[in-house]
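Dropping the structures in below, format is structure tokens.
Two complexes are shown next, each including chain A; its partner changes from chain B in the first to chain C in the second.
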Partner chain A sequence: MRSKRFGIALAAAQMVALAATAGFAATGGAFAKDSLTMGVGLEPPHLDPTAGAAAAIDEIVYANLFEGLTRIDRNGAVQPGLAESWTISDDRLTYTFTLRDGVTFHDGASFDSSDVKFSLDRARAETSTNAQKGLFEGIASVEAPDPKTVIVTLKQPEGNFLWNMGWGDAVMVDPASAESNNTNPVGTGPFKLARWTKGDSVMLTRRDDYWGKAPALKSVTFKFIPDASAQVAALLAGDVDAMPNMGAPETLAQFEADPRFEVVVGTTEGETLLVLNQRRDLFKDPKVRRAIAHAIDKQAIVDGAMFGFGTPIGSHFAPHNPAYLDLTGVAPYDPEKAKSLLAEAGHADGLKLVMKLPPPSYARRGGEIIAAQLRAVGIETELVNVEWGQWLSDVFKGDHDFDLTIVSHTEPLDIGIYARPDYYFGYHSDAFNAVMDEIRDTADEAKRTKLYQKAQTILAEDTANVFLFQLAKTGVRAAKLDGLWENAPIQANDVTGVHWRK
Partner chain B sequence: MSGTRQKSLIRKALHRPNLVLGGFLTGFIFLTALAAAIGTPYPTDGVSIAERLQPPTAAHWLGTDSLGRDLLSMLMKGAQNAMLMGCVAVGIGLAVGVPAGLYAAMRKGLSVDAVMRLSDLIFAFPAILTAVLIAALYGPGVTNAILAVGIFNIAVFARVTRGAALNVMGRQFVTAAAAIGRPPIAIAIHHVLPNAAGAIIIQATIQFAVAILAEAGLSYLGLGVQPPDPSWGKMLNDAQTLMFTHPMQAVVPGAAIMVAVLGLNLLGDGLRDVLDPRLRIVRSG
Partner chain C sequence: MLSYLAHRAFNLAAALLAASLLVFVILSVLPGDPAEIMLGVGATPESLAALRAELGLNESAVIRYFDWIGGVLHGDFGQSMTYGVPVAELVLERLQVTVPLAIIAFLMAVAVALPFGVFAAVNRNRPGDYLVMGFSQLGLAVPNFWFGILLILIFAVQLHWFQAGGFAPWADGWGPALKSLLLPAVALALSEAAILSRVVRSATLDVYREDYVRTARAKGLSKPAVLFRHVLRNMLLPVVTIMGLQFAFLIAGAVVVENVFYLPGLGRLILQAIFQRDLVVVQNIILLLAGLVVLVNFIVDLAYALIDPRPHGEAHR
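Up next, the complex of A and B:
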């Protein structure tokens, strides 16, 4: 079944390639490929970034189909998006955005300030299904005095506001098409949806009436290849031109040796955690949490589960962020200390825990390594492999029925999740919440950096979770392909700047 | 069975290379599993990242896997799990399927139809599919996997036993036994079963191979043996992404599965040659 579908898609891809070649031959121009097939691990549940938390949505639509007032570039910096400029009032409460000229949606509808008002009001409404409602919580009002101007008033100064407006969840939509975006996404981006073959691929084609610089690629196909070894096979066979993130890091070695490919290892915003369920009485005791942290050799996990790709971390912060503080020394690998802490906490006879592991290899392999490391200090761990759906319903939502789990939190700058009262790992600290409030009210960059470092330190000292390592972005691409992002400052595969070298 | 017949059977067996080879391979795997039950050269639940993916050395005869565990020890423990799966799954099939098959052969009527249609129903779902279904309902695990294959085996043995028994039932000595007033149970045990045993034993070796394949397949999918317990199927899954860089990782468990299944099939084949009366006539004629 699977191989058959694969075969058909392959035939289709060959036909497209053939057609492209024929087109160029006819015009007599030099041959440069203008289509791209990119492999992605997961198929998105739908294509509306304003109504779903799945990273797989943003990894297709961000910057390609949908755009926001601002956009995050490949380095994680805020750039003008649909707003070409903005001014900020002295009290930092009022943002006046000036919108670009000539912006239209894929269906021809024009984009103006009323769409901005609609999009933001929709996202922050009581009934909103936006997965990141927190991004819009600080907005007091949105006004559209004229078609080219939008005035956003905040309840209190918010240092991250422009960054927040660059998220995939904050993109601009049209009132007429907003409700059908999940199957028929209509945005302002340079590509539009051509075809979504469920279970196989999403194909985007370039539109002619884009407001900005037209991308070099005529069409882009995102092919869903969940299986790590199928990803390798697809690259080797030329079915996909690039895999922005390989499912299994151990497969990189063979591409490094192959001149047809280029291996690019970058950073992501993925803090990989051993999550301790602090709804369990056992983990309400900070001594037990710290004991587990001491029992774990992070470098061994990076080496064993990720084949050396990844950076050990000591708190919930990405090492490439300027405000990062290296806290790996707070709870270093020390099995003896772990044992004595466990004994102090009254668990000298050992413990029995259940660890639920989602599919990625960092979790499955990492789980076996952690189980062995915990066994060494007297903690027996039962490993339960679960699929993503099960993980979401049992661990992330629902009854939070788990003791331990391993997962990578890939949202950018998401340290604020530790202040959420209902978040799945059940951490609570008044001191931490106070720091987060202070960050929200602070504009000065140097002060914010200090506060972020304070927040990181609180989490590390508290052992809010066991912070394992920063997930690497392990990309493989055809050697002649230029312009793909090396790092993943946000969840995106921005292909607007991608082109083939001749 | 008389002594001379036994002797002639053994002599015949030794002249069948497939039987000898099959017996040797199967015996080898069984002994490996037994050895693993006593102990393995290295623990299989230890992780040693520094020693991962080593080629075969004097210390690790087959090398180490991606977590630094000794491949030979993993393989031995895997053999133990495979054998356990085979023995229990075939055991369930024999214990329930053979009596059910005999019953169906000796009686007629609604209850017989019920037994045979039920076995048809089980037969309609391949063992692996039943196992996936049970794993979805009651969670993945080796017990559920064994149960699923065992249930499938019940249907298989019921059928084979009934077929062989019906064949025997028409023979004169059975009619004679019935005529002198032997009760049906005695006829079934003393006259029918020994004559149907050949077919059942052959089927048992085949089902044993099927069970090993099912265990490997289910563990490969993550529905059988759960970590950190080693299984050949799980080892294959781990090796999948390392195929091009470290082919030994896949070759070792793959070869083990092949040897076990090949051995059991050859054994079954050889036993058929020796035990099946119909084949004996064809060959001698």
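Up next, the complex of A and C:
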């Protein structure tokens, strides 16, 4: 008896489902396409880019919901944002920004210089929880003499100031809504939040009163799909139109063969490193560091761990940057040389090291390949898998309890981390620090390029770490979709220029 | 009966208290600082300190434990550290996916397992029995995430009858929501149906061997009459026990299936919360799951009382 009743309930559920299917089929192709559904791997914890490091936040809100004084374009160049122009004083300490006319927030509030002052002062305040507080540390004062003008005075000249103001962490917010931006983001961008179905998707819709050029898309939905095989299925089933970062590189081949899709391989700011903990006496010896660099075949790691996606690098700099210098020849793959250097350093009978690996596949898979390559020169490595939380407290902070770790440093133009005295690498070079100071004090682009190249060379020759490869951005999108960023100079999915081809 | 109920309720409370303590201790010794995870590698020590103070991480563990339990007793589960919204709100949203998913999968499993299990028992050692048991063996052997992927490939990628995953909120109507739960429920139900049909079969066979069944047959009752009047009711006791265990397992087991179908359920939430070290969320969800298991066991006990009307009080002291 009981089973019969259950059977009826089930049949009813199935009939409802079938009816719904029919409904979908009927409306499917009826209207022209001005909406986009994009898959992203991680759901942001909240939507306030000024309070939290999660890249997942910027991947939804940057340029779409929130804008800054400047913006970084698809090529990584600084463009005017909410400031339409600026002048820089001769001593390079004072920046005078002229703001755009007719800019309003999503809630109708107008945007003027007092919002800029509020946003910057809030980000650099003592109680600020901005994840990139360092971007604002050089600011001495922010003044708003009239509604259209902002004057920012720096403590010392800073070559990257305009670039820094283009980061997602430096976007402009309204005093009235700043504290509730985490759940109800109110920015100046061309899209506004329509709905956030927690755990499933965020939907943005185009606003009518945007100050600039209106985007072609009426609405954009970001769907959260963490599982790599679910991402493939969602693309194949047509649930999502694009997946800007595929979770697993091995899945790309099947899309390359499919005319409905286009595979786009771009570059990112992610320098993937084998970090050598130079707080350990062993790695204070440059011979040992160089020996490890010689023991590693970078291309084999790119092929084995990333299925060929990625570019081997020789220093801490992104290959797409104009100031990039190819230094992969400084410490080429040469196991014999590695062995002899180890013997010279007094480790002829081998070494035992601990390598801590965070969750991404480049680290877990790369770690196994590196362990095999190190074994070939007599170094035994114990692989320890850790979660991000544990990596942060054990490796990055705290006691720095590790010998080796693999991690991709995804912040743009972050070579300066080698000058930080308390950084987890434990690296220190007076020569390098001097170059970084010079860069800070130099405005001339050609000179800056030379200095950046000098900095790269110092790191390569010191073997400050083993520089493995530049992480690739491996995306898949519908063949008729145009305007998505191919490269990722910053972590963003700027959809303001995206449209469907007929 | 009343003292029996009081006794069970006391056990329930004790189990929950033990669970809460265990969860809290385990989470306290887990490495990883929520503030560090939220602010990432670029954070300055000052912003970290500011966030830690904001999250109340500077209090001692004992104070944090009693704050939590005190709050729970008043119905206040605290705020999620990463999402910044009340945990109760977060969990309620997710339960709207996981609980219906588990219920649908459970109903499916029961609807399949009861008739087929009884059918196999009645046709013991005949081709029908072998067929049913063969399928059940297969259902046990297939992992549910793999079966889920297979369902997606057939019904979403090839036939386009269903979406490959995701969830249409209930607010948009029952149809789309139920539809998005159907494939995951099938994936989840398969192994449960397989287990349950085996239990039903052996429980039915056990009852057939009882003296009273032989007596019933001897006094001339027809086979179907014996089945419906004597066998089914008595066979239900062990079956209900397993069903109770299975329902609790379904809620927890939904984690894997929710990932395959990217459903915004409790499983996904707890995974995300663990990785983010959102301790408040993890604590409360685990407590909730423990509570659910205890509650289901309690309901199973009550169901015994209905199926088997003999008195319980003494036996359970």
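Simple rule for what comes next: the second predicted complex is superposed on the first by the 470 of 502 C-alpha atoms of A that agree within 3 Å, B and C clash if a C-alpha of one lies under 4 Å from a C-alpha of the other, contacts with A are read in each partner's own complex, and residues count from 1 in each chain.
Operating definition for what follows: contacts are C-beta pairs under 8 Å (C-beta built on N, C-alpha and C of every residue); 3 or more make two chains touch, one makes a residue touch a chain.
Since we're looking at a predicted model, the values are computed, not measured.
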Touching A:238, do we find chain B (first), chain C (second), both, or neither?
-> second
Going by the touch definition up top, name the partner, chain B or chain C, that contacts more of chain A.
-> C
Could you say whether A:176 touches chain B, chain C, both of them, or neither, answering first, second, both or neither?
-> neither
Using the touch definition from the top, say if A:383 reaches chain B (first), chain C (second), both or neither.
-> first
Which superposed partner A:411 touches (first chain B, second chain C, both, neither) = second
Would you sort A:229 into first (chain B), second (chain C), both or neither based on which partner it touches?
-> both
Just chain B (first), just chain C (second), both, or neither: which does A:133 touch?
-> second
Regarding the shared-chain residue A:52, is it in contact with chain B (first), chain C (second), both, or neither?
-> second
Could you tell me if A:431 is touching chain B, chain C, both of them or neither one (first, second, both, neither)?
-> neither
Name the contact category of A:479: first (chain B only), second (chain C only), both, or neither.
-> neither
Taking the two structures together, which residues of chain A meet both chain B and chain C?
-> 229
Seen from chain A, its contact residues with chain C in the complex are 2-3, 6-7, 9-10, 13-14, 16-17, 19-21, 23, 43, 45-46, 52-54, 126-134, 137, 182-183, 197-201, 223-227, 229-230, 233-234, 236-239, 387-390, 392-394, 396-397, 409, 411
Residues of chain B that touch chain A when the two form their complex | 45-47, 49, 52, 66-68, 140, 222, 226-228, 240-245
Residues of chain A touching chain B in the complex | 228-229, 232, 247-248, 250-251, 253-254, 300, 303-304, 361, 364-365, 367-369, 371-373, 375, 383-385
Chain C residues touching chain A - in the complex, by the definition given at the top | 30-34, 36-44, 46-47, 50-51, 54, 82-85, 90, 93-94, 97, 104, 107-108, 110-111, 114-115, 149, 152-153, 156-157, 160-167, 169, 173-176, 178-179, 182, 259-265, 268-269, 272, 275-277
